[in-house]
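First chain written, first letter: the chains are A, B, C, D and E, and each begins at residue 1.
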Amino acid sequence: MSERNGIVRIGVYVCHCGTNIAAIVDCKAVAEYAGGLYHVTVSRDYKYLCSDPGQELIRQDIRDHKLNRIVVASCSPHLHEHTFRTAAEGAGLNAFYVHMVNIREHNSWVHENREAATKKAQDMVRAAVRRVVFHQSLEKVRVPVHPDVLVVGGGIAGIHAALTLANAGKKVYLVERQPTIGGHMAMFDKTFPTLDCAACILTPKMSSVKAHPNITLWAHSDVTKVEGYVGNYKVEVARRPRYINEDLCSGCLECIEACVYKEPKFIDEFNMGLGKRKPIYIPFPQAVPQMPLIDIDTCIQFKSGKCKKTCVQACGDRHAIDFSQKEEIRNIEVGTIIMATGFKAFDARRTPYYGYGTYPNVYTSLEVERLVNASGPTAGDVVLRDGRKPKTVGIIHCVGSRDEGTNRWCSRVCCMYSLKLAHLLKEHTDAEIFNFYIDIRTPGKGFEEFYQRLLSEGVHFIRGRVAEVTDWALDPTEENKLVLRVEDTLLGTVRRIPVDMVVLSVGIEPHEDAQDVRRLFNFGCGSEGFFLERHPKLAPVSTFTDGIFVAGCCQGPKDIPDTVAQAGAAAAEALALIDTGFVEQEPNTAYVIEDECSGCKTCVPMCPYSAVYFNADTKRAGIHQVLCKGCGTCVAACPSGSIKQHLFEDDQIFEEIEGVLTYA
Amino acid sequence: MPENYEPKIVAFFCNWCTYLAADLAGTSRMKYAANTRVIRVMCSGRVDPQFVLEAFAKGADGVLIGGCHPGDCHYQEGNYKALRRYYLLKRTLREMGIEEERFRLEWISAAEGDRVRTVVNDMVQKLRALGPRKMNPAIEPELEEVAAS
Amino acid sequence: MLALIRRKMKFQREADPEWAEQISKAPGCDRVFSCIQCGTCSGTCPLSIYMDFTPRRIIALVREGFRTDALSCQTIWLCASCYSCTVHCPQNVHITDVMYSLKREAIKHKLYPSRFPIPVLAREFYEIVRRRGRNSEFWLVLRMAMKSNPLVLLTMAKTGWGLLRTGRMSLKSERITRIRELQNELADPQEVSR
Amino acid sequence: MTPEQAAKTSKGYLYFPGCSLRATGVAYEESLVELFRLLNIPLVELPDWNCCGATSYMCIDEGSAFLLSARNLSLAHTVNSRDLLAPCAACYLVLKKTQDYAAKHPKIRTQVEESLARGGLPPFDGVKVRHPLEMLYNDVGRDTLKSNVIRRWRGGRIACYYGCQAVRPYDEVDTAYNPMRMDELLQDVGAPTVDYALKTKCCGGSLTGTVHEVGVRLNYILLKEAARKGAEAIVTICPLCQFNLDAYQAEIRKATNEPIDMPILYFTQVLGYALGGDPKKLGLHRGISGRDLIKRWFPAHEEVEAYV
Amino acid sequence: MSEKAKVAFYWCASCGGCEEAVVDLAEKILEVSAAVEIVLWPVALDFKRKDIEAIPDGGIVATFLNGAIRSTEQEEMAHLLRRKSKVMVALGSCSQLGGIPGLANLWDRSAILEAVYKGSPSTVNPEGTTPQTAYKDNGRTPTLPMLYNTVRTLDQVVDVDYYIPGCAPAAKLVLDAVETLLSGNLPPKGTVLAPDRALCDECPRRDTRPDKLELAEFKRPHQIIADPEKCLLAQGLLCLGPATRGGCGGLCTKGNMPCTGCYGPTSRVRDYGGKALTALASIIEAKDDTDIEKVLAGIPDPVGTFYRYSLPASLLKRKTLEA
């Protein structure tokens, strides 16, 4: 066999990874064992192979012992394969003569029995040694990276990423589902802990998005199809009709004034239903694009076709209003994609014991954000749904967080925004405020100081998760109040606290359609539904799909500073790819041995990328190397064994199988 | 069955989901049985039935294929191809005298490190209960008595 | 003076971690160590206001292995097993089951507060059913009262009369036909084998 | 009634009375039997049933506690595969819990099955434990009940009290947090129900007998809040709840001198009466409190008139 | 005569069809027999074992042995002929792959004797007599070869130089083989003397197979009347052509019957059944488990289908039985 590939000289290197591996796997024994295997010229164990001296050790051996195959038993190839391949190249050996054995993640970290773990490591090394004999020299495939970028989601994350890229001179497509960009941040009143007004810091960024020559903003639009691969994505965007022609509309908003509905009459989504709007409306004054849209469910023209169309008259010869507008499909090509689709606020109805939806004076934190907002439905005046002004307020933390019944995770921001709301409510109403918390978590710049400030403002902090919010009264002091029953765990007794207003600090959860979205883009998702980063520490904004990056709460709960930082990081990652100009692809492509192929076409339907084709002239199958992503499904399907796959040749895998099984 | 019988499982894990899940199990220090020998393939769709047959032929007590959940395949449909082959191969193996429990296909996403633990432990436990593989009979049967007249 | 002032201090030597482990092995108690001490259990418990330790503190005591406190308190006996804590607990700690396992321990080691009627009731109930296969509320209450505090009978008389008048008190105590088999089933295996 | 409902009910049900329904809760049994007669659904008492063990057995030794209720399941298994109705919340819970834990902990299952074997009894799985409320709601169905109503509701407003163990922790009878099925059924027969925040709060169970004052206090709160919400009567689905709320009102009046005198009924009584049942057969004479109101609401010789 | 190259034909566990292939050479047989001296050919000429033993080792240029090895006698003869021959050619599916007799590897000797001598409905055997390897009969002890538990391919018993696939091999292949051998310029050892491409390459129906063929169900030949032009697989028939080595020129598919795989795998394949299986399973349309199972129900006997000719040569070789 080996003769087929010339004289094989293998070097085997077993890494201790400090004690990470050595504590469970007897690295010395493994190295000694490997030394006795056929074709193995050098075999060593070493403390940290990924370190410079470690790599140098390998390079030196390649030179001294004319090694032409390298087996490294250490961590996961996902972590260090690149490192060791580069090391080998450094000594003039083709990178693909290197093979890694995972004896850390798959062994020392998951096993406890030293003997069994060592045995397993030896089996795996033996398999690798037999495998590399059949390795061949390969060249990496280079594909160019399209310089344009798609940013999905127009919240603060998407906005920041888009601006960063645009300012770097890259063309950016920013696609937002809602009629305006701004996301959740646009709904907030103040931001913790500095209490600077959200609108004041956000709206300038929003308008510069609109104004930026490098940014194409498509609001009220959805990504409907994604094809291709890193550097060369083909994306289809569906632009839902606003019934306003954006080229003609000047954003004067007179049409809204003129609507036949003199008074706003319909649920105003942006204000969480606390306010009203007209059928033709703009979500909020600083919305971007600064342009109204028509809600066909409430617009008379759409419902009956019999409307005076005062809006059209108001628009006059601009003729910007177009009832016949249809959905438009746009197809774009981009090289990289940044996902910034944000989050969904927890639906408080899922915790019925807090009475949201039953008792009108129970609010969610997001509703309160609007309520205290100067540009909100009550112009910042805090009045309850029953018209009263609250004298006592209870703020319940961790609603839809840290709860096996709803969401297990901590939403990270609730503690701080609850403090913020406590402060704002006190400021607006001078009410007596009770915070009910399980733990106060203020890990952030200026956070703990803010907590101190609240304490000094005389806000009550009661450590205990409220059991129930009810309206049943034991005595007159509790009549017409909402009563919170809770254990004050610091006093060690149960308390009944009557309040006028209850605020539920709802947590952060993934969008309902998060799974569909990431399937559309074809990348991973954690079990709870947040987008999965490539590595929690070392690749926090990359996904397992090259060229797609994540930023903001779609990846996990985080506050505005973290979101912006992550958005910047995602933009930088994209820039790095674009400026390199190309990506090197793993040469694990499949290929047809032409004169062995019978042209049976079994392979053709296997390929989701149409890389496999049937050549009608030669009557043989063929594979476009650029299109092939190296899954190997066609290889496994080929009935006559005439398709092979670089790096995963049948022989290599058969050797691995026999390697792990044949005891030596 | 030998007292310290340790079934040996050849596991084909897809690069994008199950292999990563196994990595995750590692980084989260979950403990599970040391009976698997993982062979990395890019996609569960790469697993040629010959690989499974070879593994059993060479004495594996079990073969485990790990892939992405349906709809989550990094290569869109590879796991469905794997699924279709799996069912036919499973039946074939059964007729060749290899028990169902010995051949398993599991969908384990990159986030399900814990599932790797449970699946492996469960399979090991089932195989222990099953005991070592059945043997091929000797080619020459022991000669029977020469019949008397 | 010392009569008024009491010295409070928990010494680690009083703690018994093995015992905590053992409790966590009982059916339904597997999650005691996941408790985040949020107090929802106490908050939702209708009886926590009468307890010497709130349910949350009981869990804390169990986890830290302070066996005597956990077993000799009234809390576990005041638990009416209404399962409110169990369904409200954000960490799926089955507090009701924990209470049960503590009650069993307390009975086994005779650690429950003396003349406290509830454990008495439990044991009388146990006896009656063991003997007849069915319970008789009348006899149960009578026996319980006799053993704990006969005076309560006076307060109960009125209620009793009400029941008697409406034909809701049956003095005859039923017995199942296959009682022998039942007792045989209830007997613990070792005895049977002997 | 939908075909599948018809199929289900025509088979009839096994019936596990439990000790209370033979004493303080006798009215519950009477009304249940009468109601099923009116709906002509067969009801077969589980032969030689034994006490479920209630809460007490679990305090002494879980082994025998599980065994005790398992025996009933096993008996039911021997009779036939019909669903087993347990009207008493405590019985219902204990039976369900036994199945649940046997499923979750193989150790318990084998232990119990061995013990059962000693008594010559088969394994105990395969039997479905049901509560009348959920059974009437699902198997019979609101429409069927409505269509069978022949008496107009002449009573006042009602607070539906579900108590604890029927809805917790197994929320099959109804949801644990805000159960509504009893409310819906009673509304169907014309009885207006009030929004009652305490509908699943505990009545203290046996505490009224042991730590008397505490138990009574709990019931005082339940009664008071019901009255505060404008209810004139409380309807229950559990014999112990009914007893606790019913038996101590005089005492409460004395202690608080608040004019509390409220009928405490079983939902089966209300439904039974609406369907034309005879008050006596429904055990409506067995109430201790609010007797006058009961007389007025459920007149005995009221000639049955078409409900329009 | 004597300077003519000595050639032997022998049969082991086989149906004799391969002999027919030789006879099918028709008038060509004369050329062959003119060119060579046939020293053993049980089906046609009367030679005895001792005649072969008389020949010096390596005295035979080539032995064409068909049939699998499943008895003591067959094994002895295989060794004997190997010793006497320069070149050993496995002729036909049985000796190359085990062939139809190889399906006996789903059982063992006792089970087979039980079925054949007692079980089968057409058997009348009140004494329940079964073959004995030896039988004492007043002083004499006549013996019979012993049947093995497991059927083996020729190369699992002796060293084989070349293979001629097929059940039966196409006459042309046999002739070409003989000519190559006589020509003296021998192909590398172990070569299968047939094209190394799958059957589709020779099948006139290939071009009618859609580029992206996915099947909703499998059909069996008796269920439909197949279109004589269209790809049989495309018509849902279990045609194993894609996995099977060509060389027959598509005899079956020309006869409107699907290929059953007698020519075995191509040189790149280790387990014919595995590849035949993937060829079919890969192109199933169904996605969810129950649907897939439903489609696969159209393959009632996987082993009999995919290993019809190659069970002993497969990776698993036979069915495992209780130890």
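Criterion: a residue touches a chain if its C-beta (ideal position, glycine included) is under 8 Å from a C-beta of that chain, and two chains touch if they have at least 3 such contacts.
The structure presented is a predicted model; accordingly, all values stated were derived computationally and were not measured.
Using the contact threshold fixed earlier, the set of chains in contact with both chain B and chain E is A. Counting only chains that touch, the fewest steps needed to get from chain C to chain D is 1. Ranked by C-beta contact pairs, the top interface belongs to chains C-D. Look at where the CA atoms of chain C average out and do the same for chain E: the two points lie 78 Å apart. Chain C has its Cα centroid 50 Å from the Cα centroid of chain A. Centroids of chain B and chain D (each the mean of its C-alpha atoms) stand 52 Å apart.
Contact with two or more other chains is made by residues 353, 606, 633, 636-637, 650, 654 of chain A. Counting only residues that touch two or more partner chains, chain C has none. The residues of chain E that reach two or more other chains are 269-270, 275, 278, 282, listed in rising order.
Going by the touch rule set out above, the chain pairs that meet are A-B, A-C, A-D, A-E, B-E, C-D.
Every residue of chain E that touches chain A in the complex is listed here, in rising order: 196-201, 206-207, 209-214, 241-243, 245-246, 265-266, 268-270, 275-276, 278-279, 282-283.
Residues 36-45, 48-49, 54, 56-57, 88, 90-92 of chain C touch chain A in their complex. By the touch criterion stated above, chain A contacts chain B in their complex at residues 76-78, 102, 104-107, 109-113, 116-117, 119-120, 123-124, 127, 519, 522, 524-527, 532, 544-545, 588, 606, 608, 629-633, 635-637, 645, 648, 650, 653-654, 656-658, 660-662.
Residues 175, 177-178, 197-198, 221, 225, 228-229 of chain D touch chain A in their complex. Within the complex formed with chain E, the chain A residues making contact are 595-602, 604-606, 613-614, 619, 633, 636-642, 650, 654.
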